[in-house]
Amino acid sequence: MIEALDSKALVFEGVCKTFGETVALWQVSFALGPGELVALTGSNGAGKSTLLRVAAFLLKPTSGRVLVFGQSRPTPDVKRRIGLLGHASFLYEDLSAEENLKFYAALYALGREADERIACVLREVGAEDFRHRPVRTLSHGMRKRVSLARAMLSDPELLLLDEPFSGLDVASIERTRALMVEWRRRGKALLVATHQAELLDGIADGELVLDRGRVRSWRAPASCGSAVPPPVRERA
Amino acid sequence: MRSERALPRWWFGLVGITAVALILGVLHALWFAPTERTMGTVQRIFYYHVSSAWTAFVAFFINFLACAAYLKARHPKWDAVAVSAAEVGVVFGTVNLITGPIWAKPVWGIWWTWDARLTSTLVMWLLYVSYLLLRQFAAEQPSQRVWAAAFGIFAFVDVPIVYLSIRLWRTQHPGPVIAGGEQSGIDPRMFLALHVCFLAFLLLFVVLFYWRYRLERQRAELAELRARLHRLHLERSA
Amino acid sequence: MSYWTTAMRIVAKDLLSEARTREMTNAVLFFALLVLVLFSFSFQPASDEERRLASGVLWIAFLFAGVGVLDRSFWRERVNECLDALRLTPASASALFVGKCVANALFLLLAEVILVPLFLVFFDLSFRGDVRAWLLVLVLGTWALVVNGTFFAAMTTNVRSRELLLPLLLLPVSVPALVAVVEATAAALLGEGAMRVWIQVLIAFDVIYTTLALLLFETVVEGT
């Protein structure tokens, strides 16, 4: 039987997501625990972005269940524990990196620690040098760093990264990989979507391969074992 | 999901009853009701003008209730009720807006006047045409249904406010009022004719509404079947 | 974080964004100005009846400005999918909505405050009536447009032809408020006529629609 599902950071049980006639996700089941990094791979259009958005509670599954830290509804508490790096940067073009972070920090109710936290994430991603420049003037790589900083603001325990390597040079890719390893070491759960699976070689504990919305293969992290929920049968 | 291929038998029965009612309505409007003293024969259009306005209002009220129900329960059937009621309501509203000037011009010499009743029926019509446009432009996205339901509520809440504000405006700037629907001293045969016509229109509304509602539900069913087929196909090819 | 602080954060963010570029205020002002200029070619109000007409012209200019503000305000959120980012935060959706409304209202008021003197100059008019009361009308009328406009702009943010759809949705709903503001403005210009009753209409309209918008916004946004 499924043991300790509550200890998992993210659980998908038979999740389906359809948009009218289009099937974006179909019977997706997997589990991700703290301190684990799962690579989410598949070609473009496989449903990786949709899966991440469902995991972040931006989309409701058409059927099936999503549990984040045991919760199936996006309470404010749960939201604070999720960090999403999306396809788009989530940044306001006319504001500086620091101003963007200050704004989001307020919405995440970081209160007095906000400034400290902002300095910390900017340092971590290596964006201190251009923290005062408007986002509009930043290069693609710099923006990605600031977006990453934004995702890390509330020190989330579940990180959902959508194509974090896209458009980055080799040095930036290396830095991002190092960050992921560090975050995993700190006990965060990471789900990283990329169509370049080789970039996660050596650091991924598990791999979920999607093909047109369906799970082609699921290699659970070593500690997971039998704790993967069986797919839910569709009622005819 | 129940799969009903054809419209239910009771609907056809209702069509028959509606046809009878409409014929009765015509008889009353064109024959039984006396000719109005000052306006003459053209006044008879009033029975259709007023009935269509009342029917449109009933339709939009149903839309309002369905929108509220949809926001609460999110069941697609309420959305189907909402769009069907709105569409048929707009049709009746159009009839009302066309018959108005046809009646007004020969009798009062003007095509239109901005009195409270006419203005609020025009605005009501505009509101629901906008509602339908919103649905049309947002058709691809199922999440838009919720927004459309919210707009439906905004729209219906506006109807009485518009009426009252134009009434208020008119007290300050009096203008011609195209008489109609005044119940003061109306001849009992005219009263009867009006209500027979209204009843006939209501029945016609139910007939059209239900037809449209079934169409909407069948469309949803078709989409669901297509999605299922797609999934099965995917599974087979795995 | 409290409701109001969240809302004010949005206002601050929008004001800061706009202060940086001033794109919106420039474009909106210029457009509204064009409307006034074009109308002033048609007539120079001499009689009382024409003063009444001028009142309508002013509010048409304000309407154009309002739609411009709303469009631009949500464009900023749409560009990098910031609306999704806002939904990810634990902040309450209706607080975010109120913040957006207040920010939009401030921008529109700013445009109006600049347009009014220009209007008086172009049409050679002056306020014969109670100006202070009229300022209240201005604020209430602006809020009436903005509260519904922000809701509908959020509604149409992912819809095609949204620039066309927003005014189509907003104008019919705003008819009572528009009648009220045009009448009150005419009364202020003429120095006669009842302003008080129209202020009451505006207050009622604002209360009803603000309540409705707040009630419905959270319901609609949660769970797509």
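To keep things simple, chains are lettered A, B and C as they appear, and every chain counts its residues starting from 1.
In this section, a residue touches a chain if its C-beta (ideal position, glycine included) is under 8 Å from a C-beta of that chain, and two chains touch if they have at least 3 such contacts.
Note that this is a predicted model, so its numbers are computed, not measured.
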{"item": "Taking each chain's C-alpha mean as its centre, the one farthest from chain C", "value": "A"}
{"item": "Which of B-C and A-B has more C-beta contact pairs", "value": "B-C"}
{"item": "Chain centre separation in whole Å, for chain C relative to chain A (CA means)", "value": "39"}
{"item": "Intercentroid distance (Cα basis), chain B paired with chain A, Å", "value": "48"}
{"item": "Between chain C and chain B, distance of the C-alpha-averaged centres to the nearest whole Å", "value": "31"}
{"item": "Of all residues in chain C, the ones touching two or more other chains", "value": "224"}
{"item": "Touching two or more other chains - residues of chain B", "value": "141"}
{"item": "Overlap residues in chain A, where contacts from two or more other chains coincide", "value": "none"}
{"item": "Contact set on chain A toward chain C in their complex", "value": "53, 56-60, 76-77, 79-80, 82, 84, 86-95, 99, 103-104, 106-109, 111, 134, 150"}
{"item": "Interface residues, chain B side, partner chain C - complex", "value": "71, 123, 126-127, 130, 133-134, 137-138, 141, 143-144, 146-147, 149-151, 153-155, 157-158, 161-162, 164-166, 168-169, 172"}
{"item": "Chain A-touching residues of chain B, taken from the complex the two chains share", "value": "140-142, 223, 226-227, 230-231, 234-235, 238"}
{"item": "Residues on chain C engaged by chain A in the complex (per definition of touch)", "value": "1, 5-6, 9, 12-13, 16-18, 20-21, 76, 79-82, 84-91, 223-224"}
{"item": "For the chain C and chain B complex, residues of the former touching the latter", "value": "148, 151-152, 155-156, 158-162, 165, 168-169, 171-173, 175-176, 179-180, 183, 193-194, 197, 201, 204-205, 208-209, 212, 216, 219-220, 224"}
